[in-house]
Each structure stands twice: as C-alpha cells, then as structure tokens.
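Here subunit A shows up in two complexes: once beside subunit B, once beside subunit C.
Let's turn to the complex of A and B:
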C-alpha cells in the first residue's frame, strides 16, 4: 500500500513508533518497522523523503541527478522501498520538542500538535561543524552543504565563480559536482594540515577494506586536476574580508600571505551529529576525540540513556549514508522487539546482515577521521575579535574573558555573555564555545561541556503555543 | 579548612550573606555542590518587586528596594537593573476591587509604595495593552535586574573581600564536634563555629542534618523568552486575577513567567516543560497583548527552587547552637537577597536585627 503525503493524514495522538527524520536512517527504519506491523509515524521537515543526502530524489531532473554521482542515485532504491510501506508519513513537519516522557511537539503549517509514542527513533542526521573564523559572518560566506542543497533542490549554482575552503570529503565532492555542472571554481583551499597524512597512515590498511571510498576520492581529485582547478593544500589562517559582503578571501600558503577576490566563499569543516532534539530530551552525551564531536551514549542497537528513545545514523556519530541505512534497520528491529512484536531471537537473526554490512562499511571511518582531523587551534578560534555567537554577537575574546573570571563551563559562559541565547539556540556556537572554554581553562573539551538543551528547538510562536491544550486552565 | 562562618549554598542568598559578613571582617567559606548560581539564583525572572508582597515581607522588601537602587555601591555593578515600575492590571470591576482592597491594606501597615492608577494613567504607561483593562495597582520604584549578572557581582565582591568559594563541593555530612560545625565533602572537611544554610531546594536536607525540620518542597517554575522585538513597553506587567509576570527586557526580548511548574526530577536535576501550562501562559499574554501573536518563543527553562507550605521563607537562627537558616523563598527571593544577607550578618554578629523576622522562624513548622 503506498504511503500518502502529509496533509491528507489525520495525525493520531499516539503511535507505537515515531521516527524523526526521513533520510536513509529514517526511511529504512520505517520500512522494517512497518513490515512487522508496527504503527509508525515518520516526521520530516522536508516536503519529500530523502533527507539531506538524497534530497529531492523524487523530483530531480535526470540530468541534474546524473551530475550528483552514483551515491546519490543509490537513494532512489531506499525512497521507493519506503513508498511501498504503510506508515503515517508527515512531511513539512517541524518537531519543536521532545522530552524524556516521549511527548513530541510538532508543527504542521501553523498548527501545533502534541503526540506521544512508545518508542522514538531520532534519525536527525548530521550538520556541518560550524567553525568561526575572521569574516565568517559576512554575507557571501556560506556552508558547502547549503551550496549543495541549492543545487539538489533547485539546480542553483554560483554564476560568478566560487572559492571552496575547509577540510573534509564533502568539500571534495561538492567541487567535483560543481565542476561537472560547469561552475567556475576559482580555487579549492584545503585546510587539512600536512601532518594529518602521517596521522592517518596507520589507519590506511583497515581503510583498504573499504577501498571503494578511497578510489572514489582519488577519482574526484584526478578529475579536478585534469579540469585545471587550482587546489592549494596545507592552507591556514583563512580570513574573509569585505564591508557588507565578502569581497576577498585571504590565507597563508607555503609561508606566503595570499588573497583571492571573490563574491562567494563556501566552507566546510566536516560533519557532526545533529543533536538538538536528543539534547532537549536529556539524552547523555560523551566527547569523541576521534570524531571531534559529542556523541550520544548508545548501546549497539542505538538505545540512548532514556528509555524508549533510540538514535541512529549520523545523529549517533558520523558513519555516512550507507551505515545510516543499516543502523536505521537495527534500531527499528530493537523498537519492534521492545514493543513485544518480535522476540529477542528473531531480532538478533534479522539483524545479522545489517551488522555485517555496517561493520564493513565503517572500515573507512578511522582513516577519514584522522586524515580530516581539524587542528585544535582552528576549533578554538584564536583571533579574539572573531564573532562566535552570531545571534548575540559575542566574540571569542569575550568568552575567554568570562573564563578568566572563573566561569569554567559553557553554560556559565552562556549565562554571562548571552552566547547561545539567540534564535538559533546555540546551533552555530555550541561547539566553538566548548573548544574556547576548554582551551582557555587548560581543560579537555569534555570538561567545557555543552549547552543544556532548551525547547522549543524549532520556531514556535506565542499564538501557536496558545492554541495547544485549549481545555487547560490556570 | 577553617573559617568563622560556613555558608552552604553558592546562590544569591549565600553570597549576599558572605559579602555582608566579610564587610564586617568575618572569614567565610561558601560551599556549592554545583556552580555559582546554577539553580534558582542564576535563572530566575529577575523581578525587583515590592508590589503584592505578603504583609510579613513588606518591611524587608522595602528595605531591599533601597539597596537595589544603590546596588552599585554595594557590589560594584548595577547588575543591569532597570526601575520602570511594576503594575498589576485590573480587567474588570472585581479585579479593581481586589486591587483597591490591597492598596488600602498596604497603606494601613504604614507603607505608600502601592498605588491605584486609573485607566488613563494605565494606558499612558502601557499604551500597548489590550483596551479592555480598567486600571491597575502600581509600585513605581520596582523593576528588574539580570539574575546571573547580579549573582556574579555579589560573588566577585564577596571573594574580593576574602570570601573563599568552593564550587562542585557538595556537603555529604554535617557534624557538630565541640564548639564547631564540620562539613564533610569529597574535597575535604570544612570547619567553623557558625553555619548558615542557604541551600535553596536542597536546604531541607541541610536543615535536618543541623537538627531542624523544614518541609521544603522543591519546585521548578517555568519561564519562557522570545526573540528580540522593537521596544514597546517599559513596566513589568502582572494581572489581578491571572498568573503572569511579563516584561520586555532591555535587549527587546520578552520574558514570560506565570509561576507554572515544570515536571521536576530532583535527583537528576532534570526538568521537563509542562506545555499545557505554558500554553495557558501564552493565552494569558495574548489576552493582554493580542498583537504579540506572531512573536517567536526562543527558549523555555525552569530553575530549581525551594518552596515552603506558606510560601514564606525561613530566615533566622536554628535550634542547635551556631546554626542559621535563609532559604525557602518560594520563587520570590531575588529582590530580597541584599537585605537578607544584611539580616543574617546582623543576627550572627549582633545577635539581633532591626527588621521584623518573627514570621520567618523555622519553628513555625
């Protein structure tokens, strides 16, 4: 039975399983759970299934899809398999709250709703790691991921040239996609330090067991070189300048200060788990030194520290789209087991293939993590004048001053300086603040801590809130 | 480690007490299980309100207001205070009657700070208010401050005068040996002849260990704050017959409180928002300011605070020798904190205070 799209569905007050996020994790999880007869709702903010990685899969013109490469094409199978199953798929739906009792606040159009679930699977994916550097708040400086979204959804590419800068596989992929789309790439500035090659070398043998990823990277590089795109390696001291818009980017390369005039700079510094909802619910997190981010504390089925809340895919730690697909199925089996629909034996049997594929797919990660390790100096925003919290315009220097005054964790610094208190809810500054606090106090990042999650995690107006629980009185 | 006075609780009351004692030469140690102002002190609504106080609290609140208006001379910072007045609005004749009776009662006690205003004056002060209101009760010298900034200023000033502050230092046990109290913590033993319990929501446990019973009920009043919007209102607004505290902060954000409680797990110090009650708060704001319908809420939170059965604090000496208490402010302690520090220092050093505190005795339970 085909699932029908959001607006025609009457949302129930309660579901056995609510999945949040319709990327590879959520889509494959929904299929598994629905196949076992679980009463599932899949909530997603986008108008169509696919998540970030397979965005606009069902509507993209074939020519553009071709430019995006094989990995993107793989998403077609997942999306069409999902379309065969019977779940309440709520698209264009914002989730603004999740708490430890598995009460979920959502918003469809202008209408807020509260629903509950026996099991919740967070499949919220990844976000780009925000790394503040001088000039990063200037219009014309964007995340590489934003560039990719415009390309996938609308076929929009930069007309007048672009500089790409940062470190990570996505940067290379976007350069390759842009090259095929005929975009003028003025330069690709690779901020990966040379010493990372040495750091990654011991992880190379294991990575060879997932050599298709390595091969792909090498092909991208070769193609870019052949197309004559200038790639500068071992770049440092990235700096965007301009008055009310970026006009040039300056940097250090081979001991020399250089600069390139450009109207558009796309930056990328790797991916980190998107943790806003799980933090608001109160899930426990720990610092992962290799991935340089916080990861939720999970068992190997994705069960978090809160009963009935599971986390899978990149939201559980960056593993990529293929791993996410397997992880989604494992968590769906666990949820189905927790609901009493299958027994332990069945769960374990059904999970064997996914476990094996996931294990094989993850061979590449330690290599990638060490190869694209971001220098601590860059993460802890060395320049005092750089704005860290763009909502409240708090600089790195102000944060260091708060630490010097005895405020030794991110939350105290937030109370004092207001960093992280703006409309973005600290999405853009939480990581940087933790690094700055840790570096300034001579502590490990884990000690600096992370802002406590504060709902609503998506915009909710006073009027929308007022329309909830109409029967409730003082 | 030894001092003249051990203060348990690194919140505003604890630091205010430490500051006043240090100003008179006492050596104090403040012990805090988390970080300074981590709970109610750092995250409350920051109201500086004499309006609508319980009669027993009025003399303290009036004295505290004097101190807040000169807070810079005490702590070297204005704590981001503003004094645009606080108003309780009347939406109908019954409300107005309630407010008039209240004003008369306050006057009969000899205080003049609560004043009835008519419709004209109300709308001159708050032109943005929905047109159905008919008057109000105002306390013109009331206002608000920024709680964490105040806490920080009190802490810095106290520490600059020699107060020793230990964060992440939870008191696991209290013992009386000879003429001294000893607080056992994971970071060692702290000793002093005198002990002040300013432990907020955790004060019941400390009181019990010091030989006093106090029915402290921890609670977590919810607050929400909006995005910044253009300035449209100065005074802090309450209502005669609704739960509301509503103000536009100096940076343009709207702070909405209504004394509705979050679901609290005290053991893990975790709060879950009660959206049904926040929806009620939102409806209350919309009833008085319908034009705010599309303003976005940015954040909600709830600080953990001590409530007493009669909503009055415990201020005074304990039954065991050398024990003093200042806790249980039931979500209205921020404004009282400077004067409570002063009262505690007077009780400890002079054996008496010039303000009436009989109503706050721990022996009332």
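Let's turn to the complex of A and C:
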C-alpha cells in the first residue's frame, strides 16, 4: 500500500458533491465548493494530488521541478490551496461506475464501495490522441506524455539518442524539458503539415490577443535551435521498424525517404478528452471538427445532458491546464447553486473573473487547433497492415473489410472484429475506428459513431462486485 | 531506453524482476522501475504472442499488464514498488 499522509478517511455513503479527478479542475473546484460549506469528496486514482499535468508536485525534488519549467511549478499554488480546504480526499481510488442516478462505484485498494451524490463533477482531464501508424505497437515506441510522466514523477529520462515525433505543443515542451535535463535528442520530427500554416493564418490576428501562449512556443523553439537539436518539419509517413523492439524510425522528408536508428521513439498527436466514465454514464456527446474529437454536450457552466452531472476542464474539451482551473471553479459554483447554498446572483457575481478568462481563452484556441490540425489521412490509418486495436490486434485492413461488408458504424465493426473489446475497452482505438469507418464509407466522422461505453470502466473481479451485496451471496 | 537522473533517493526497496534483484527508489511505480532497470517489454499479447511495453503510463492503454506478487493483469503504471515485491513479465493472459 502506498504511504498515507493523513488519518484514514471514513468514506460516507452520500455526499453533496463528488468530484472525480484531482488535476487543476478538480482541485480548484474542491476549494471553491468547500469554502461555501459544501460536503465534498474528491476521488482520484493517483497517490497524490496534481493530475497528469502537476504530477508529484508535493514530492518532487526542487532541482527536478526547476528542469520542468514555470508552467509546471504553477501547480504548486493550486495543490497547496487545495490542501487547506476541508474535503474528503480519497487518493488511490479507482472509479469503475457512474450512472444517471449519480451512484458511483469505486475501488479503494481491493475494496469496492458504492456511494451517491447530489451533484457529480467529472474532472477526468485529457489523454493523448491515439494515432495508429506502422510499428506503433513495438516496445520502444511510447507516448510523449508517458516520457513526461517518467520525468515528473520519477526523474527518469531517455538515454541519449531518443527521437520525438508528431504534432502539438506537448512535443515541443517535452523536447525543451529534456534539453534542460541534458538528454541528447537525436531528432525532433514535426509531422505538422506545411499547409497548416496557411490554415491557421486567418486565425492569427485574434490569437495575438492571447500572445503569451505564442511567445512561450517561440521561446521553446528558439532554445531548441540554439541547443542544436535537429528539427525536421513537414515530415510524413512515420514508420517504426524492428523485430521485438524498435530499431529504427523511417519517414518522408523533403521528398526523400529517410531512416534513423533509435531504441526509443516518443510520439504525440495532441490531446482528447478522457471520456470513458461520462460515456458509460450516458452523457450525450457531439463531434467537434476543430478539436477533432468528441466533446460532451454542456452548457456554459459545465452541466451535461444528465441532471446533476457536470463536466469541466480538458474532459469537456481541450483548453489546457490554466483554463481548467477556471472551468473547475465555474462548475463548482454551479453545483453550489444547484444545491441551494448560493443564489443565482451570487453564482454570477462570484464567477465573473472565471467567465472572463474562459471567454478570453477562445482567442487562442482556433489558431492552435488549426495549426496543429492532424491530417485526416493520418487519422484514418492508410496502411492496411497497421494494428489499430492494440489489445485484440485488429488491423486497419480488417476494419475496412468489415465496412466493405456493410458494417457502417463503429459498434457494428466492434461486434464483428472484436476491435475495442480488449482490456483497454476501446480507449486506444475508438477514435481511429471512427475515422476509418467514416473514410471507407465516404461519411463524416460523426456518422461513423463512437463505441458505446458501459461499466465497469476499470477492472473489477466478480468477487469484488458480489461483496457489495453480501445479503444476496450468504 | 531510460536512465535515472543523478538524484539521491531518500529510500530504496529491493524487488525482483523476472528473477533478477534490483534496488529501486521507494515511491516508484512498477512500470517506471521495470523501464529504468533496462527491461524492454512487460508482457506478450494474447493473440499473437508479440512483446509489448508500457505505452501511456497513465492507466488508459492497458499495455503494461504484469504479474505482480503472483497476481496477473496488474497495471504496472498504477502499482507502487514494495520491498520484496516479485514482478514478472505477463505471458498472454497471465494464467497457467
């Protein structure tokens, strides 16, 4: 069992507000709600608060925190502010179920529990967009975010010679952080197509109103250039090769086929909402063309299609860590209002700054989203032999065959091929399958559909499930 | 693939990974300890038997399933190392 830093909390059967996820959204929301006297439980799967973005904030050695930069260290304020408020913080807690009656199934260690809440705020954050390409299942190919987690949480960095590839701000940030840690990056392969510059240009004037984002990106780029890190732009046709482990990465650059030997390739293709729990609960979703992902249908306060379930932060649509703080506060105020603790006027007054931030943030998003737009060709996995479903090892070709046989939505493809039926429950293949189905059938992605989500969304043994109902098993 | 930065961990624990003993910093996840100890893969797949390694390290890919203290299908990115822990590469479903 991980070390416990406080007295053991006796979990209550019912809370006024249950927040799921202890990243910037959940932590800020907990603080606001608790300050209004709301009876709050904050559930999180990690041993300490911070989410993915501010991982290990309370235990990180100062030198390592320094290497990660200012944006990471901003999280210290959020975490320490949270620690001063009165909530039942349940760390190491896995949520495996949520339904429309706001019944929440959780696992603490090996022990299953069911609790209920008047209001539920889902603050489950983002995950990296899985983009299948030839060789992506080989050991030695990992998400860039995974590399960053090893760095933040454990001070583990790649050996010299690592290759980074993909498109998106995180890739640049990670390269910059590795550079500070003295890691020799062999190459940074930028798969952002040159045409995206044109695509983003009309959105630049508005983006200049939030120019601090752009300035930061340019600083990272300049520092990397000064350090002599080889960055190749407009790269395509990424391919990892090797037998039991990656030995080289090949790609197209300036009309030439090239290959680099490496034992580690870190890839990144942007972020998408981590939506597994809200889907299983039955929240309505819609396709967002600009963000290239499904987003929950929400009002301005984060209220979902299910009464009493709110979604905020990157789980509601990608806005980044700073925006997530504000979104968390907004939703917490809405929940406090829904509980009858504050009135509408107080809610509106108290949320003025946060609403302004959310509004201003809209200046930069359209630019970033068009600049880092992932080419549709890449998303629809052109190579037939590429594994799409990592768990059940179903290839793009098999999925296209299923579509050719008349199975024109993701769920039909799933029934036919087992794609999405493995341990990850489709978390890694749902997006790609929707794109393949849509491209093969000449439809829009939204029509390809998304797998239906069902509980349990985390592994649970039959024994654990049965132990929730002892009277029926005696 | 990976190395630890030159930091002095406050405490270490001893684990065995596929029968070999390693001293690793306390507080590390099993996946981190396995990767930093030089292991290339953590499981072989159910369908083709191909080797796989951790991919996301945040609990959403289920690629890091290992046998930990005899218990199969544990996400190595979510379990923290313990002194005396026995960690094994998981072959297929992890059951004999």
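Heads up, the rule we're going with is that the second predicted complex is superposed on the first by the 462 of 474 C-alpha atoms of A that agree within 3 Å, B and C clash if a C-alpha of one lies under 4 Å from a C-alpha of the other, contacts with A are read in each partner's own complex, and residues count from 1 in each chain.
Here, a residue touches a chain if its C-beta (ideal position, glycine included) is under 8 Å from a C-beta of that chain, and two chains touch if they have at least 3 such contacts.
Since we're looking at a predicted model, the values are computed, not measured.
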- Query: Is A:455 contacted by the first partner subunit B, the second partner subunit C, both or neither?
  - Reply: first
- Name the contact category of A:422: first (subunit B only), second (subunit C only), both, or neither. both
- Query: Where does A:264 make contact in the superposed view: on subunit B (first), on subunit C (second), on both, or on neither?
  - Reply: second
- Message: For A:468, using the defined touch cut-off, is the partner it touches subunit B, subunit C, both, or neither? Pick first, second, both or neither.
- Response: first
- Message: In the overlaid three-chain picture, which partner chain does A:442 touch, first (subunit B) or second (subunit C), both, or neither?
- Response: neither
- Task: Kindly classify A:143 by the partners it touches after superposition: subunit B alone (first), subunit C alone (second), both, or neither?
- Result: second
- Query: Should A:228 be classified as contacting the first partner (subunit B), the second (subunit C), both, or neither?
  - Reply: neither
- Message: If you tally the residues of subunit A touched by each partner, is the higher count for subunit B or for subunit C?
- Response: C
- Query: Between subunit B (first) and subunit C (second), which, if any, makes contact with A:412: first, second, both or neither?
  - Reply: first
- Could you tell me if A:255 is touching subunit B, subunit C, both of them or neither one (first, second, both, neither)? neither
- Both subunit B and subunit C contact which residues of subunit A? 422-423, 459
- Of all residues in subunit C, which touch subunit A in the complex? 1-5, 7, 25, 27-29, 32, 35-36, 40-41, 45-48, 50-63, 65, 73, 75, 78, 80
- Item | Residues of subunit B touching subunit A in the complex | 35-37, 42-43, 148-149, 152, 156, 225-227, 242-243, 263, 270, 272-273, 275-280, 282-286, 292-301
- Task: Would you pull the subunit A residues touching subunit C in the complex into a rising list?
- Result: 2-3, 45, 47, 52, 59, 61, 63-64, 127-128, 130, 137, 139-143, 145-146, 149-150, 153-159, 181, 244-245, 263-264, 274, 276, 390-393, 422-424, 427-428, 459
- Item | Contact set on subunit A toward subunit B in their complex | 97, 99-101, 103, 105, 114, 282, 405, 408-409, 411-412, 415-416, 421-423, 425, 454-456, 459-463, 465-469, 472-474
